[in-house]
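The two complexes that follow have chain A in common; it is paired with chain B in the first and with chain C in the second.
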Partner chain A sequence: MTTPPKSNGPIIAVDGLSVGFRSRAGAWLPVLRDITLSVGAGESIGLVGESGSGKSTLALAMMGYLKTGLHVLGGRVDFSGIDMFAQDRQSLEKVRGGRLALIPQNSGQSLAPNLRVGAQIGEALRLHSALPEARHAARVLDLLTQVRLPDPASIARRYPHELSGGQQQRVAIAMALAGEPEALLLDEPTTGLDVTTQAHILELLRDLARETGMAMVYVSHDLGAIARVCDRVAVMYAGEVVLEGTAAQILRDPSHPYARGLLASIPKLSDVCLPRALDGRPPPPGGAGDGCAFVARCAIATERCMVERPDLSRIADGAKTRCHLPQQVRSIPLSGERNAQQRQLPAELSLSLGDLAISYARAGLFERLTGRDTAKVATVDGIDIELRQGETLGLVGESGSGKSTILKSIAGLLPPLHGQIALRGQDDLPPRVEDRSAKHLRDVQLIFQNPDESLNPRQTIAQILAQPLKLYFGLSGQALIARTTALLAQVRLGAHYLERLPSQLSGGEKQRVAVARAFAAQPELVLCDEITSALDVSVQAAVLELLDDLRRDNGTSYIFVSHDLAVVKALSDRVAVLYQGRLCEIGPTVDVYGPTAHPYTEVLLGAVLEPDPDFVPSLSASDVVEQSPPARGCPFQRRCPKRLGAICDQTAPPPKTFAAGHTIWCHRDDLAAPQLS
Partner chain B sequence: MLSMLMRRSALGLITVWLVSIIIFIGVEILPGDACTAFLEREAQGLLLENCRRDLGLDRPAWMRYGEWAANALSGNLGVSPDGQRQISELVGYRLRNTLLLASGAILCGIPLALFLGIVAALWRDRPFDIIVSTTAIAAMTIPEFVSATLLILIFSVWLGWVPGIVLTSSNAPLAEFFPEVLLPIAVLTLVMTAHILRTVRSSVIETLASDYAQMALLKGVPYWQMVFRHVLPNALLPTINVVALTIAWLLGGVVVIETVFNYPGLGRMMIDSISDRDLPVTQAIALIIASVYVGVNLLADLLTMVANPRLRTAHLRGK
Partner chain C sequence: MAVTSTYRRAGPVQRFWSVIKDICSRPSGAIGLALVFSHVALALIGPFIVPYDYTTMNAAQMLSQPSAAHWLGTDHLGRDTLTRTLLGGREAILVTGIATPLAVLWGGLVGVFFGLVGGRVDDVLMRIVDAFLSLPWILKMLVLIVTFGTGIEVLIPTLAFFYGIPVIRIARAATHDVVARDFVQAARARGHGRFTIIWQELLPNVRDALLVEGAMRWSWMLLAFSSLSFLGFGVSPPTPDWGLMIADARGFMSFSPWGVIAPMIGLSSLIIGINLSADALAKALGIDRAQKAPV
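On to the complex of A and B.
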């Protein structure tokens, strides 16, 4: 691999760039405002900010590309001396994908579905590589090997949909590397991937940056990922850069109120408290007014902030901040203070799952007629869990571990193969939702990941909330209105939201409405399926606080499913770790996150990233995606870094109890610290 | 893939069979029968009874259906009420005429629709697109008989280029249908182009906005190469089914157009046979239409499957 020539000047220079679109009324509304930023050769810089802050727009603008409708309102972008917005199509085509390459957020959708991945990488080679055509096939394999894909020859022949998310992302990286770029733009390259996959991809990117000496612009809302790969960080808010400095300056003790709020709203493994919510939301494009764009949400704002827009100016520690009061920002705390754990719980049971097994493979008509049973291994098996009233059980595991499957079964949407689901210890729930009584339906409520799909877009918020109230409590008229208003107040939304449609709400507000709808039924148990995954961290923190309030007030039990171990830790009393639909470990949160752990829990925890530039993840297992559980033995046998041998492949590991209620399923004897029984 | 082909063909046969039953029941439910229709005012008393006995209409319905089905299975669709001619021969001519009309419209319409749809999408919101899209909406919303009448007015009454009405008899040689058949073909082409074009246009626009099209540009792929390699193969997949539906609609006989132009095709024959309570003819045409629908849709699904790697590999690897 040839290292690009290092020059002294920056490789990408953004100078006073403003980008905007024309509103219906004809006014220009800015999406990026007066951005000045430079990236040196070989440097990696992170762009962070909430959704809508303009980070993707800025990254794409560095390629001389704007989404349809957007226009440059002022300023310029230079890539190694080339003015990117003054080029014709042909010269842009030469640079794009060659000297300057993009790795998109969702590689699954960014690879053309009709072309084999080898052909797509080959296309990049044909466009940007000096290699003779005959050597391309071999180079494709080299590239696939460089991004650490096993069996590159077989991968090259596959179509994108035949690869896992992590593999697709690696293919996208290989494609970007084909032109031997001097700079790489990455737009949320690991969002939506499992923790382990994400950690592996980030390590790969770090290594590649070191090997090839290319510069990187890394767009992400995930400060943990940024901490791992970036030397410098720019924080964006409402289309402006509000803080810029080294990773350590920005992630340890940032000098801008927004950055501090952002940092405090991130759940961290090292925290014992709920993250702190950052209330309010950013102004829409063009809505920032004359003063500081952050003024409405800033805890230390003064009169001056309302009328005078602060400049991005250098402060004592060398960082640049856009704030009038950089001396006062230290008073804004960097973590939450509400401790969600250590609550007194009653002894009564809320839900018990007895030896639950679930399978998606339904015997078809043909199999049933011929009596041939589909002898497939059940997707989920052997789930024995008891949940006390008011308790929150966290359910963690990589994608495909069966978290949502278990919730669907409890909700009656997917009848189990066998096993009991009982409420309050004795009230057996019928397996099918059709057979459940109104009381049963009321008692178990499910909240989905994506409120856009679960809220009817044609109904107003009032209608959405009225449905369960009419159905379960027969409310009408004045009483109905009073109750819907009270519900909205519970999720901290004003009554003026009643007549709005879901499309007129932000993502976080929609999810609150979904929570309010679940609580309208006054349920015994609420099942939360990744309900904060689609939300910005600041909004996520607010939803977590809300869930904590609601369980305190109503004594509701939760099963809280998430792939984010830090989020689960913040909210849960107990945690269950699942792999391939089997329990690996269950116990009180402190114990599961403590030193005695199942090898799989260790792998998961090792891959979690902290927003700290010195934090190094420990990657002990591969990130291979397994399609189905092994027929016998330990479910984790194929990836376990601590595998003992044949016993793990042959015999299902027995449960071993460590502290009170802390159980681990593993054959190893050296998991426990010696002082335990 | 083979098993799915067999399953779909079996389902198709069942569909066709169900259609024949439904048509039979439908005609039974209609007041009157072939004899009341044939004898009109004199349909009473002995005359009616004799007629019914001659045609076998006095037997129970299930028996008549059974007999028809048995004959149909052996390829005998029955004879016309006057007993002179084989129904297969009568219907055969009409089917040929309909095929002439349909293939004309298909040969002109599909390439035209693809071309206009793609260009309109690539030049979205520019004058060309606006003109094409507005014309398409107009062609879809104006009832067919209005556009047909308009074309007759222009091309036959004012310009006198082609006759506005087809006077050729149904069993004349194909050559005698020219140039009369051109106007009905034009109307059909207009309507079907409008339908297909709109699907093509919106599908291409959607694909142009996809992440992978954007990615191709950002990877430095030249614009036209992106269009032909990354966009069109994916954008045209959903149009296969629309094209299939349009073809099935054309082959099923287009009653309104045939009526306006007095064209001797299947559609008009179907209407006539229903009003005559001529069950054998109705059944024969229904069988043709149902088989065309089933066949064309099966073909479209097969084509989609072959052209879409996602479906193709799912069937190869999954089962």
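On to the complex of A and C.
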């Protein structure tokens, strides 16, 4: 099946490529600057960097494709000796999708919704395969088997919307394989998938690369994923390659300040501290100046770095770095130092949830008329959680586990079916936000995932921050301005941000404003709904530090929802693991992440990737996404690798307490690690 | 997404000028705005600069070819075509200039209201809107005009009424889009009242969509007005009007083409101008999704 390369040269050779767009003022602004990179047969190379670093643009340029408005300013891209930017449309069409295939980030959107999966793969075969038409049907099944989809014959008959996100991504990979490509370009192929699904897709890609001998270019901001799939890594910053070398060279002890900062800003399961924030942001296209592009954020920059642009040169360990000071670089630490857990917490309760159940299902007209029983299985059920003042509770689980639903219910946006939500132990919150008193409203503040959505694009930062201040404290005039300025200072933004619109801020700055807006109310409890998942890792670390500062200063409690277990570990005092809206495990962070764990927690932890080329995730359960919780028994019964048998299907598992406050809902008796039992 | 780092005060006056500046910085926007402005200026000062009186007939000069005295020739009553073309937009601009804001206002208010209320009321209203839109517009308007007679006092409310109906759809859809967004949920969770949410969160975001829609409606309304004039239900003679001029001159098109071509140029240049400006306005306000920066 492998097509051997015609020569010994690289499959993809990028030589001095510069790409840019013309600004409204007429100047050419570079997006890629002087990139030289080659990918050999069977090699997999990872492109990493923050958003806007040009990594996706470079991957697309390797296909001879540029987004509207972009132009080649110099250099060339060769694919198997073909100059990609000198080809006409027809000859490009022969190469693209066949010998050179792309797997995009969101394949759910790139699959045609009106065609069955089998027909779409068949079309790829018709265009890009030499096989006779009669053998296409069998080949489609082969391809679906090759991407490890169970029951390929039935998958081939389904429409894309009938598949889960992970399955759609596998179908996209099967389509890419249809043309037996020599090289595969992957643009953030696992971003947006659950951790377990992501780990399975990465294993598949790893195996495919080995089986077929394809070259792979893997674009991602996730160093953990890169570590799993790539032999070589190129780190990009402001449209340049700043560091290039083997995965071990780049991920263990990188010799560029940016790569070290990036590595330190990633929360890792093995860490016991908050990740270190990488301050500042990359220069805009054309704003890099004469010196090193990273100079403004570099801890060791000297006079020379300001005026002279470093070349990409080979250093002692064999990697190529674009830095004037490869010797001093090693003094930059690779991990954070702030321990988030060392805090004294008072014993007073902040929030208690008593037997909370929430359902999205509402009785339809038909059910109401016929009086039929509409008691469906609730989306979220049996949630008993107590939170002390100043405590941070992490809520983890895959998508659909009900994490955000619980937050919405606490905020009063989604009234629960039954159960109590009480503040400070005795103060019951009315279920609907409209019925709550001003004090109640002030006490509970919600921060959303995406600041682009949660900040009104037509209001200035001053107007945004003034809203809670006017509403809860009746501030106006000078007092209002003084308070908004103080709030901005609290989230480390200057007063000159007041008159800007959200669109004039970076993603991290916007999320800081959203945090400031929540703290304007001087709340008892702040609900954080995946608030760092839309941000770059470097920015995420800064937001985590900010949250830690604010809870130390104000004694605020957090409920911190995230799908990223490492992020939750870095910030939380206690962690609750949810599956299908039911609690699986709750306890102090060290215990939940420790050896005694619910089988589901084990599955989740096993799938977390570390930015280490030798790290091997342990995958124990399938990545099948379930649509609804089972009617009875354990919520995790259908995927559990440690299933006991009928008891799991029939009886809800009893809570078992291990260490102080560490409870696991499971039928098994052998959960405790030997040294504890 | 490019982030501009310029410091900008966001007062309404500054915002207006920055949008105008943005429109003018695009070639198509600058041309469009220039066309619209010159038409409006002509409508205001036209009577003082035209070479002839638009009613003066001349039996000796009927349907004459362009000459030094009559640059675009004369019509079938010997009136100067250039004069009548230059003045031919006044009535149209006046009527549509008043009717367009009225249409956007009432359609916008109703659309936002029903977008918020939702439920069965919304369902019923939308079916009525559908029913209205399924009838040919010329038929609906002719019924009203035949019933109430012609003249500005009938034309303005008629046009405003019928052109407000599609605006309901736009305003309702924009409201639905905005209401589902997190910042509205955030305002609800903070406990703001319904009125504050509509006024502060919703309307500023619906407003831009309505502005662009209004600009598009204006050009369609001009076309409708000229069509009514062409059919004899708009402006009454001897007032010059492009639609009416085309109707009068079309019989002589084979040997006196300027009588048709000149008003056509007048009408189409105004409509093209409005459309170009509306496109540039949409881009300046960031509504046009296809025109995002490449990175």
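Definition applied: the second predicted complex is superposed on the first by the 665 of 677 C-alpha atoms of A that agree within 3 Å, B and C clash if a C-alpha of one lies under 4 Å from a C-alpha of the other, contacts with A are read in each partner's own complex, and residues count from 1 in each chain.
As a convention for this text, contacts are C-beta pairs under 8 Å (C-beta built on N, C-alpha and C of every residue); 3 or more make two chains touch, one makes a residue touch a chain.
Not measured: the values here are computed from a predicted model.
Chemist: Given the superposition on chain A, are chain B and chain C in a clash or a fit?
Modeler: The answer is clash.
Chemist: Counting only touches as set out at the top, which of chain B and chain C does A:G69 meet: first, second, both, neither?
Modeler: In the superposition, A:G69 contacts chain C only.
Chemist: Once the structures are superposed on A, label A:A112 by its partner contacts, choosing first (chain B), second (chain C), both or neither.
Modeler: first
Chemist: For A:H128 in the superposed arrangement: first (chain B), second (chain C), both or neither?
Modeler: A:H128 contacts chain B only, not chain C.
Chemist: For chain A, which side has the bigger count of touched residues, chain B or chain C?
Modeler: Answer, by number of touched residues of chain A: C.
Chemist: Considering only the touch criterion stated at the top, classify A:M175 as touching first (chain B), second (chain C), both, or neither.
Modeler: Touch partner of A:M175: chain B, not chain C.
Chemist: Now for A:P104: first (chain B), second (chain C), both, or neither, which partner does it touch?
Modeler: first
Chemist: Identify the partner contact of A:T57: answer first if only chain B is touched, second if only chain C is, both if each is, neither if none is.
Modeler: second
Chemist: Check the residue A:G412 against both partner chains and state whether it touches chain B (first), chain C (second), both, or neither.
Modeler: second
Chemist: Do chain B and chain C land on any of the same chain A residues, and which?
Modeler: Residues 68, which sit in both footprints.
Chemist: Flag every residue of chain B that touches chain A in the complex, lowest number first.
Modeler: Those in contact with chain A are residues 209-212, 214-223, 229-230, 233-234, 308-310, 313.
Chemist: Can you list the chain C residues touching chain A in their complex?
Modeler: Those residues of chain C that touch chain A are 2-10, 25, 181-183, 185-192, 200-201, 204-205, 286, 293-295.
Chemist: Give the list of chain A residues in touch with chain C in this complex.
Modeler: For this pair, the touching residues of chain A are 21, 24, 31, 52, 54, 57, 67-70, 284-285, 411-413, 433, 436, 438, 441, 444-446, 448-450, 453-460, 463, 467-468, 471, 496, 499-501, 503-506, 517, 521.
Chemist: Okay, in this complex, where on chain A does chain B touch?
Modeler: 60, 63, 65, 68, 89-90, 92-98, 101-102, 104, 106, 109-115, 123-124, 127-128, 159, 161-162, 175, 179
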